[in-house]
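Consider the two complexes below, in which subunit A is the common component and subunit B and subunit C are the respective partners.
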Partner chain A sequence: MKRTDETETILEISGLKKYFPLREGFFSRSSRFVRAVDGISFSLARKETMALVGESGCGKSTTAKLVLRLIEPTAGTIRFLGRNVLELGGKELLALRREMQIIFQDTFASLNPRKRVREILSQPFRNYRMDTGNLEEKVAEILELVGLSPPAIFLDRHPHELSGGQRQRVGIARALALHPTLIVADEAVSALDVSVKAQILDLMKRLQRQFDLSFLFITHDLAVVRSLADQVAVMYLGLIVERGPVRRVFSNPLHPYTQALLSATPVPNPRLARQKKRMLLKGDVPSPVDPPKGCRFHTRCPFVMSRCREEEPELKEKGDGLVVACFLHE
Partner chain B sequence: MRFYQFWLRFRKNRAAEISFYCILVFVSLALLAPWLSPYDPFALGQRPFLPPQSGHLMGTDDLGRDTLSRVLYGTRVSLMVGVLAAATSLIIGTAVGSVSGYSGGFVDELLMRATEYVLVIPRFFLALLIVAMMGTGITKIVLVIGFLDWPEIARVVRAQFLTFKEREFVLAARAMGLKNWEIIFTEILPNAIPPAIVVGSFLVARAILLEAGLSFLGLGDPELISWGMLLSDAQERIWFSMWLAIFPGLAMSLLVLSINLFGDGINDVLNPRLKEK
Partner chain C sequence: MENILLDVRGLKTYFHISLGVVRAVDGVNLCVSKGEAVGLVGESGCGKTMTAHSIMKLVPSPPGFIEEGEIWFRNTDLLRLGEQEMRKFRGREVSMVFQDPMTYLNPVMKVGKQIAEVLVSPTRDRTVIKLLESVGIPDPLKVADQYPHELSGGMRQRVLIAIAMANDPPLLIADEPTTALDVTIQAQILDLIKTIKTEKGTSLLLITHDLGIVAEMCDRVYVMYAGKIVESGDVFSIFEEPLHPYAQGLLRSSLSIAEFRENLETIEGTVPNLLDPPSGCRFHPRCPMAMSVCKEKEPSLIQEKPGHEVSCWLYEKDGRDRNHS
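This part shows the complex of A and B:
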């Protein structure tokens, strides 16, 4: 694996789909599916951070698990470091897994309640039979790196003896232990207090610079996106509706759904907040079991046209790496 | 520290605490039976049909054997059968439940149908049949009971696996490239065992009763003294020497009750929410 090219693409996803079968009866074969992810494509460069945003149930977390091949996709390809992740097995997959790790939202569920910090963090080293000359030292080093110092007081604790922020730091340490290329952060800061969240975000930024990491950041928190990400992809009902550089998307969102999302975030300055136009969406997200025909957003879109109910818009290039799927911007 | 907290919470349930002490007493009696027994339990030659009195606290039987000594030795057999049979069930049930819950799909379907099949068989009659066919003997009895009583364990362990296999720490382990068997043994199993142990404690009580039932019908190990056998011997003489039935009966009821209450107590500590309802 070469690490020379600065803008080398490390992750390339195309047409990724995941349908979960619905079980309806004991003997009946399921004929209906939850279309959690319904054909998404994007790519990520080294040292870059891509944020995947959207409401609950839009398929963000499923995408995270698909990228790491923790669940098998229904269709599509995932290329990571030039290799097709879905075709690999055994040793090759194991070797590639070392390069991509994951951090979760639920800090409690992400650590085995019956293991001590020491055991949790020595596992990656053991598993890859890295020169375990001084395992203890390595674990201590990595604890220090994520700001849990002195390491000695944390080594023998169980997860329930740590605070939420500390648990998340352990989770980050575990992901970082093998020096991966890509870290997928699935709502990694959503469950934390505001102050702790800021610390963890700072930590992640620092580690990104230090280790040339790429992040795939799954979140619903647009403030987090603004502070951390280079690229943003907005998902709605299993599809990406708008994708592009954060600055471009946030300053001038094109898709009505992106506009609605952005108008829903609070603005710190009260004077600006009063001037701001709110765009409220009616209704709920339709069921991903049978998504609306045509544009999936047409049931809630304030600018809906008759064409939107019939045809499905495709992602169109709008310059500066921005793509949007909306007939308003044909 | 964790153990101490567990103990404090367990002790809040008075009945469970007393049961725990009862079980401890039974276990010590079983271990110390050779030293505590005033007489050789097999030795004839005392006067037969003595009612309880000093020297023979529980009287003597038709052949002049000391009932107290026989009950003490019976404790050994009952406890041993109970624990070993439950351990056998625990091993089989955990293996079936783990594989079933972790693999899911067709394997799960197959194993669960098999489990339900074992569950609906009238256990006592099948045990009776097998022991009658294969011959008596303590090992056979333990194995027969163990092989008939695992379905509940399998279902509990499977349920645990279903909850834990999608848990984030298991996903993290998989992302780290741990193999399936490593995930089963090091990540999920340690979390699935405690509820299985609770079910296992009830199985001890049930195995004791099952063994007593077999012995009562004359299918126990003839080489060993068990409570069921004492009861069986006592039944024809119950009207004129009822102490022969009362003492082994009391011992068995007390032990089985204690084990059940103890299991309940542990269950309450492990699932505090269930108790509030």
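This part shows the complex of A and C:
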């Protein structure tokens, strides 16, 4: 899992920004913006899983949409398989999109309720004019791959006739149909029960090995990150505050926000839970419309210094591929 | 036995719908002692929320009916109380906080007024502002004058807790109180509930799907599956020596930040439909240890070790004999 020079980088994000204008009146031009993503950079290698973590409104889902170019960034570059995604259009973009797929959290919203599983899973092949030959056989094959077996009993069902776990398997099957390079999973297991969540994560890990997939995994659930991802990037108010190998970040988090997130996550072990010293953050996350000056975390940081209120810390290399943006570690 | 505050016996809550009868809660026994924190865990649809709603007598009726059982709170069987008496009971003796505070707060009434409404006997020490302060709201005067939609999720949950604790009830039922919140806010709310518990000696019945929260908050745990309690015991025995194959599977499949798992263990299959639950033990279709008896007969809850009960044929002498014969 270690990153070496031989590993091929498939995705490279640099200085990515997305500002959403605030509508403040019917006629007035908006002058204020929600700074959802405010200049982030990271890269992802083949067969690797990168987790983007953070709480509501930190910009992680916006990043997912930007990577797939479902929305246009305000600034920055996205290179995927050596090509600048933002410069492509028409057929070239379509061809590149075949290599990047997405799985969503809410399967009721992402699977058409009026279509049968057969139609939902035939669509990717139709989109790319690959519906020649025996389409039904191809669909049955991917259903088997995601553990919906025997396929015959699922082909004619509508999404509402499946359980939550089965619907997410259909979502994964659709993403997998064209054998992409990258799958973006946006809170793909967050709505699932414990036992079903483990089934789906197990399936994703297995498919990753089988098809050399890369995952960009968007989640708020740090326990999932520990067992699934190789790299983790912690986001706060549109910025990455710490990024590095999961093992390193989880065993020795450097940024106070990463420390707080890890210390706030309950562990299913009563002895550990009772020993744990909890680091409680004060207050709520500030608004991304008017983020705090200096370090954006300074309003809630237990180690705040005067410098943090004035200057913004930059990401600094700490060895072993770990970077952190905090004046405590300069 | 004097210490027992809440004692639920043989509770059955069924829903009568056009497709048939949904046995949401099907013979639940559960008790909470004074000052104790009890967890009720299980996955979606296992009946944990309906158990709580039954205790508060908030089951939507029709279609839901409490068919059988007794709910003893001290010396009163709540199921014998009329709605008038029950109203006096809620809030004073037992309070409940819910997952989604927006649904339970009145959207068109200011927060302060909503709290004032539930205060039975306001005194100088027990005012709306004092209450808001006690749940860690930084600017109580301002918040009292705001509407729920002006508050963040964490603040709303604090307001709901303030309302629940307004009259110092001896028992607080919390139904997934932090599920909708971000993890740092969740930590704040759990900390608040712990503080209330230690300061006032309030008993807690915590309903959750999150084993991490149970491990952290509870003294004793009930594990529920398909409308039934399958195992109960103190938090250490449940987490360290789970007996029921479902509890074992649940623990093995739950992930932790403290531990990397290369291969995730799972429980095969899905939760059964409670319109037509499996015969015998309801877990048998998914159980890796299922025996022939499991299909035929329902296991009873037996005490395997002091204070540790399980409902599984593996632990019944009768069951073991049958398996060998």
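As a working rule, the second predicted complex is superposed on the first by the 323 of 330 C-alpha atoms of A that agree within 3 Å, B and C clash if a C-alpha of one lies under 4 Å from a C-alpha of the other, contacts with A are read in each partner's own complex, and residues count from 1 in each chain.
Quick note on the criterion: a contact is a pair of C-beta atoms (placed from the backbone, for glycine too) under 8 Å apart; a residue touches a chain by one contact, two chains touch by 3 or more.
Everything numeric in this text was worked out from a predicted model, so none of it was measured.
Annotation for the three-chain superposition on subunit A: subunit B and subunit C fit side by side.
Computed from Cα centres after superposition, the angle at subunit A between subunit B and subunit C reads 80 degrees (steps of 10).
Put simply, more of the residues of subunit A are touched by C, taking subunit B and subunit C as the two choices.
When both complexes are overlaid on chain A, the residue A:N112 reaches subunit B alone and has no touch with subunit C.
In the superposed pair of complexes, A:E312 makes contact with neither subunit B nor subunit C. In the superposition on chain A, A:E12 makes contact with neither subunit B nor subunit C. Of the two partner chains placed around the shared chain by superposition, neither subunit B nor subunit C is touched by A:D230. When both complexes are overlaid on chain A, the residue A:E99 reaches neither subunit B nor subunit C. Remark: least CA distance from subunit B to subunit C after fitting both complexes onto chain A is 11 Å.
On subunit A, the surface touched by subunit B in one complex and the surface touched by subunit C in the other have no residue in common.
On subunit B, the positions that touch subunit A within their shared complex are 167-169, 171-178, 182, 187, 190-191. Those residues of subunit A whose C-beta lies close enough to touch subunit C in the complex are 55-56, 163-166, 193-199, 201-202, 205, 220-227, 247, 250, 260-274, 278, 280-281, 283-285. Those residues of subunit A that touch subunit B in the shared complex are 65, 68, 70, 93-94, 97-98, 100-102, 104, 106, 109-114, 123-124, 127-128, 171, 174-175, 178.
Looking at the complex, you find that subunit C touches subunit A at residues 43-44, 138, 152, 154-155, 182-188, 190-191, 209-216, 235-236, 239-240, 249-251, 253-268, 270-271.
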